[in-house]
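Below you'll find a set of structures to go through.
In the two complexes below, chain A is the common chain; its partner is chain B in one and chain C in the other.
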Partner chain A sequence: MQKPIYYKIKKFMLMYSTHILLIIISLSCILPLLWMFSSSLKTQATVFSDMSLFPQNPHWENFYIAWTKGGFGRYFFNSLLYTIVVVSGIVFITSLAAYGISRLKIPGKNVIFYVFLAAMMIPIPGAFVALYVLLNKLGFLNPNTGFPLLDNVIMRLGYILPLINSGLSLGIYMLKTFFDKMPGDLEDSARIDGCSVFGIYWHIALPMAKPAIAVIIIFNTLNVWNEYLLAMLVLTGKSLMPLTRALMVFRGTHITEYPLLMSGMTITVIPIIIIYLMLQKHIIAGITAGAVKG
Partner chain B sequence: MIKFLFLIVVLALTSVTGCAPGDGFDKSSSDKIVAWHWMTDREDAFTELAEKYKALTGTDVQFELYAPTDAYSEKIKGAAQTKTLPDIFGILADKRIISSFIKAGHVLNLSPYMDMDDGQWEKTFYAKALNVNRFLQGNEFEVSPGIYAVPLDVMNIQMIYNKDLFKKAGLDPENPPKNWAEFLDAGNKLHAAGIQGMVSGWGEIWMIDCLASNYAYNIMGEQKFVDTIKGEASYADQDWIEVFTVFKDMRDNNLLANGIVTMVNKHAEQMFANQRAALAFNGSWCVNVYNGMNPDLNYGVMLPPVYSDKYPMKIWGGAGASLMVSARSKNIDKTIKFLKWLTAKDQQAYLANKTCNLPSNKESLGEIPQALEQFVDDMDSVTHPSNLNVSEFPKVIEARDKGIQSIIIGEKTPEEVALEVQAVKIRELKKQKARK
Partner chain C sequence: MGIRKTKKIFINYLFVLPAILLFCTFHLYPFLNVFRYSLFQWDGIVEFSSAKFVGLAHFKDIFTANPQWWYSMWHAFYVTLLTLIFQNGLALLLALACDRAIKGARAYRMIFFLPPVLSGIVVGLIWQWIYDGNYGLLNHWLTNIGFGHLARAWLADPRTALTCVGIVHMWKGFGWGFIILLAGLQSIPRELYEAAKVDGAGAWDTFRRVTVPLMVPVFVLVTILTILNTMQIYDLIVSLTGGGPGYHTEVPITRILAAMRGGSQLGYACALGIVFGLILLVVSFVQIQASKLAKQE
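This part shows the complex of A and B:
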């Protein structure tokens, strides 16, 4: 007679402790965002003294000031451009490379794969000076073709190409793991139906890899959207800089304008939240289906 | 899927090519002066001054901001290696690294320009600020003697006190402590009134070193301080024990706020601005900081109270930000002309008022805010380790500063620390001898 009660209590306790743990983890994730939003509504003086989560006199004008003072318009466009081009490039190249390494008979493909894996260990900041020298030698830093528009494109490419390169290793690793699990029968059936190698990749492998691609998109969107150091190293002049440059306006040498910085960060984070919400279903599927399986 | 890919390709191509030309691609143009800097708080002021200069002379000056400072330094290193440094730039490093840039031919010696017209340009600056950028004959870095950078502003580090809290503790806010006994008495009175003593960024060790050096100058004078660095005087000497005792006295008389040993300066600034501490040991940049955090803060500036009457109190200070000219610039004459204009009286006063930094031009003093004047008054008491022709071993500095931290937390006595530092010094001197 006691057993069902024991199991009921055990189940109840387990459920509650799990929920409490999850609530704590969720709060630890959400609280910094709330704090950022809350600080964006305060003044420079009250940001250090008013500890409330929602200030009594919210300063909504901080968002307008941050947008205009930081020159967000131009930077927003630049970030959007870099994110679209870089993420598209990464998805296109990594899916082709991962499919080739996983499904095709290419001599030395494992060596190539491990070289890509090794590249994951080298962070871009560690190679800044070498990268600067290389890009300069390739003519990406100070192009002088006589055509301003072409110079502009070349300089932007000098930023885009290293960013694409930095996203390849993880993308190839994730997609190869995904393609490895693809049943061979599917390929055989497609081949019998007259499908070419590219056709199999395009019509069979790529649609199946949607969850993994969603994970790659969100990871790299985050990376590119938040990137600043490489942009500062490679790009010359404000007009080509990404959104993160706008935030630097509020970070002085000795003093930081926290309310404006937080307003700027809130503006910056909105597109990322939208993308995450749009891809949320695929990301969870991608992770649970083993897209990030080691 | 094809539509999706097509859309991506079209977006990529149109967006890469479809932008209006920016202001960055004509860096190599010889008509324009390009300046790289890291001073985020001065960007607007620089832009306004550049516009004004263009209206006056027709010369384009393009200020390009790259921050934070560590990333800026990487960019400078890369540009130096590829010989693509702009006309004007700054190097955020110690003299040893600056000397390597000079020896590699990247930095122009400005002495001939300073000497022109009977040294008129040089005379406008505080000599101590200029000395930070000066390499003397026979310097240990083997750099040709000369001045290699122009100070854009000056700074010094002093004690700042909250006048309202002083009043609350029964102290005279218009007469801050001047000697050691008065200082210790103030600490006890503040404690009795339930007010915390001094805050400072002593978690960032260099600020401890700064105050220790101040008192070393006051207790033993510059010559003995230099002799200790040279290895000709001992850290175990009574004068050094007294320097370390300064910190023990401060601890024992409640002059130090809780947690000062691990405090970063940003936190210390917050505490002082929010009136949670009565004293701060901070640089002149704090005028800007406190003004932003609490514009109503009522504070005064004082020299650290003297411990001894034997020698005058000296404080750290000198050039704040300095600008250099690329030796490979195609616009050297234009660039020098612009720097002379930028450091002239009116522009310096404008920068001081707009950015709350102390001007490097002595002639601008009459036109700066009162809060800054309190710091400028004491520029005569300024010194800096980089002005000495010798430098202490980093390991000795570390032992000295960590030893002081140990004294503050009550782990060690001044005598123990003095012996330990001397032991490190002897070890380093032996290593140096072996290397030679």
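This part shows the complex of A and C:
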């Protein structure tokens, strides 16, 4: 009778130590974020002395000040705009291409597909240098059309187009594999009914590809929202900056306004955290799929 | 008939046209130009046509006269090594813990994966303050628990800066490794574990003879991606240290940027990029070949 009790105790201890480890790690994940949030509610005077995680008098107005005077409202809008435009661009362009490669008669389509795959595999850490030169030569960096609004659009496109490009390979790869497995019966009957190629793509293939598209949307949303390097190179005007770039500039110029910086950081992560909590399952699927991007 | 068919194929091409146009403009063309520029002495200000052709001189300089660059490579490699051992070790441990029927596994999974979805800039700015020498949370806690003598300006001290950057990188990344390893573990058929149990195998034997062999492809994937991601670390560097103190946390990407922006040597920056890209390519190639060999045995 000794053995079962010994095993029970061992199992119990193992269970407990596992949970303790998991809880400690979980706390270490959350505490830094909590610290950022609580610091955003303190004042410049108390932020370095009050180390509490739940400040006595939360200064919620910091968020208002960061949003208006700090300019984070504008940066938030920029991030939102870039994310929406880039992600819709990626979804539209990759689904078109993937459908074409998977279903339509296009001479040389396999070559096209493998070129996209190869682009995914070959790392080119220096490419941003040449990309910068190209954008400069094409006039994206300092447009001078005489119409400020048009200049504004062109400069934003100089950031948007390369980002759309960087999402192409993975999107085409994922959607092509999806379309390859999709049964063709519905398309056949639509064709007999006289539907055009584009009509079939739009009304039949695209709605069926929703699960794959969801993964592409989520994966790229995270990428674009968190992007920094290209924004730093391409977007020099403050009014065009996304949140990540603006945070670095804000830290450089307002070194003494920590609570506002922390508010800005909270504003930056809150949409991502909300999306994450809502779409956790899909996000994890998206990252696991994105991991294939070698 | 011929014209209709041609027209049909032309319409089909319209499906791939936007992707090809964007790809050729913003990927292929810059990619090829990197190689072209790398052979020229060019500041990026004058027209490229008046840049001076220097052949492979930049590459010669990189391999013989640029210790700065190889230090940056070593820094990234050091962080990569830390990450491979500690981040992925922890990730595997946690994945094994959550693979078994354990209460709250989903909650843990949700929390662990929070840091990977956040912006590297925000994460770096949070931790920069935690590490701060005067007002940082870390020093505050160390003092409170009686280890005040250890307190220091963690990111300004050349002895600790790089390791501290590595710790933040691992904090941000372990959840990612965890998710992929867990997905791998969950794809192992449960019957195999039961069969091992029936045969009287202990936990360690089961791990060594059932789990590990089946997980080799996942291990390879995680290792390659860890190397590629960590060697190209950038966001955390700019937001934590900016490469300082001195050059103690410079990494390849910051060196390429420094050559490009600070030094106005675009050709040289491209040459650095090529050397770096080739090294990354070789590393992943060796990894894949090694895993194939391991599989054959």
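Keep in mind that, in the parts below, the second predicted complex is superposed on the first by the 178 of 294 C-alpha atoms of A that agree within 3 Å, B and C clash if a C-alpha of one lies under 4 Å from a C-alpha of the other, contacts with A are read in each partner's own complex, and residues count from 1 in each chain.
In this section, a residue touches a chain if its C-beta (ideal position, glycine included) is under 8 Å from a C-beta of that chain, and two chains touch if they have at least 3 such contacts.
From a predicted model like this one, the values you see are computed outputs, not experimental measurements.
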Which of chain B and chain C A:81 touches, first, second, both or neither: first
Touched partner set for A:33, first chain B, second chain C, both or neither: second
Which of chain B and chain C A:238 touches, first, second, both or neither: first
Contacts of A:229 with chain B and chain C, given as first, second, both or neither: both
Partner chain in contact with A:284 - chain B first, chain C second, else both or neither: second
Chain B versus chain C as contact partner of A:192, first or second or both or neither: neither
Contacts of A:202 with chain B and chain C, given as first, second, both or neither: first
More chain A residues in contact - chain B or chain C: C
Which superposed partner A:5 touches (first chain B, second chain C, both, neither): neither
Partner chain(s) touched by A:116 [first = chain B, second = chain C, both, neither]: second
Shared chain A contacts, counted only where both chain B and chain C touch the same residue: 48, 125, 129, 131-133, 228-229, 248, 251
Chain A to chain C touching residues, read off their complex: 15, 18-19, 21-22, 25-26, 28-30, 32-33, 35-36, 39, 47-48, 51, 93-94, 96-97, 99-101, 104-107, 109, 112, 115-116, 119, 122-127, 129-134, 161-162, 164-166, 168, 172, 197-198, 201, 222, 225-226, 228-229, 243-244, 247-248, 251, 258, 261, 265, 268-269, 272-273, 276-277, 280, 283-284, 287-288, 291, 294
In the complex with chain A, residue positions of chain C that touch it: 8-9, 11-13, 15-16, 18-20, 22-23, 25-31, 33-34, 37-38, 44, 48, 90, 93-94, 97-98, 102-104, 107-123, 125-127, 129-130, 134-135, 137, 140, 171, 175-176, 179-180, 183, 221, 224-225, 228, 232, 234-235, 238-239, 252-253, 256, 260, 266, 269-274, 276-277, 280-281, 284
Touching residues on chain B, where the partner in the complex is chain A: 1, 5, 8-9, 11-12, 15-17, 19-28, 38-43, 62, 64-69, 71-72, 74-75, 77-79, 81-82, 84, 270, 273-274, 285-286, 288-289, 292-295, 321
Chain B contact footprint on chain A (complex, rising order): 44-45, 48-49, 77, 80-81, 84-85, 88-89, 92, 125, 128-129, 131-133, 136-137, 141-144, 148-149, 151-153, 155-157, 160, 202, 206-207, 228-229, 232-233, 235-240, 248-249, 251-255, 257
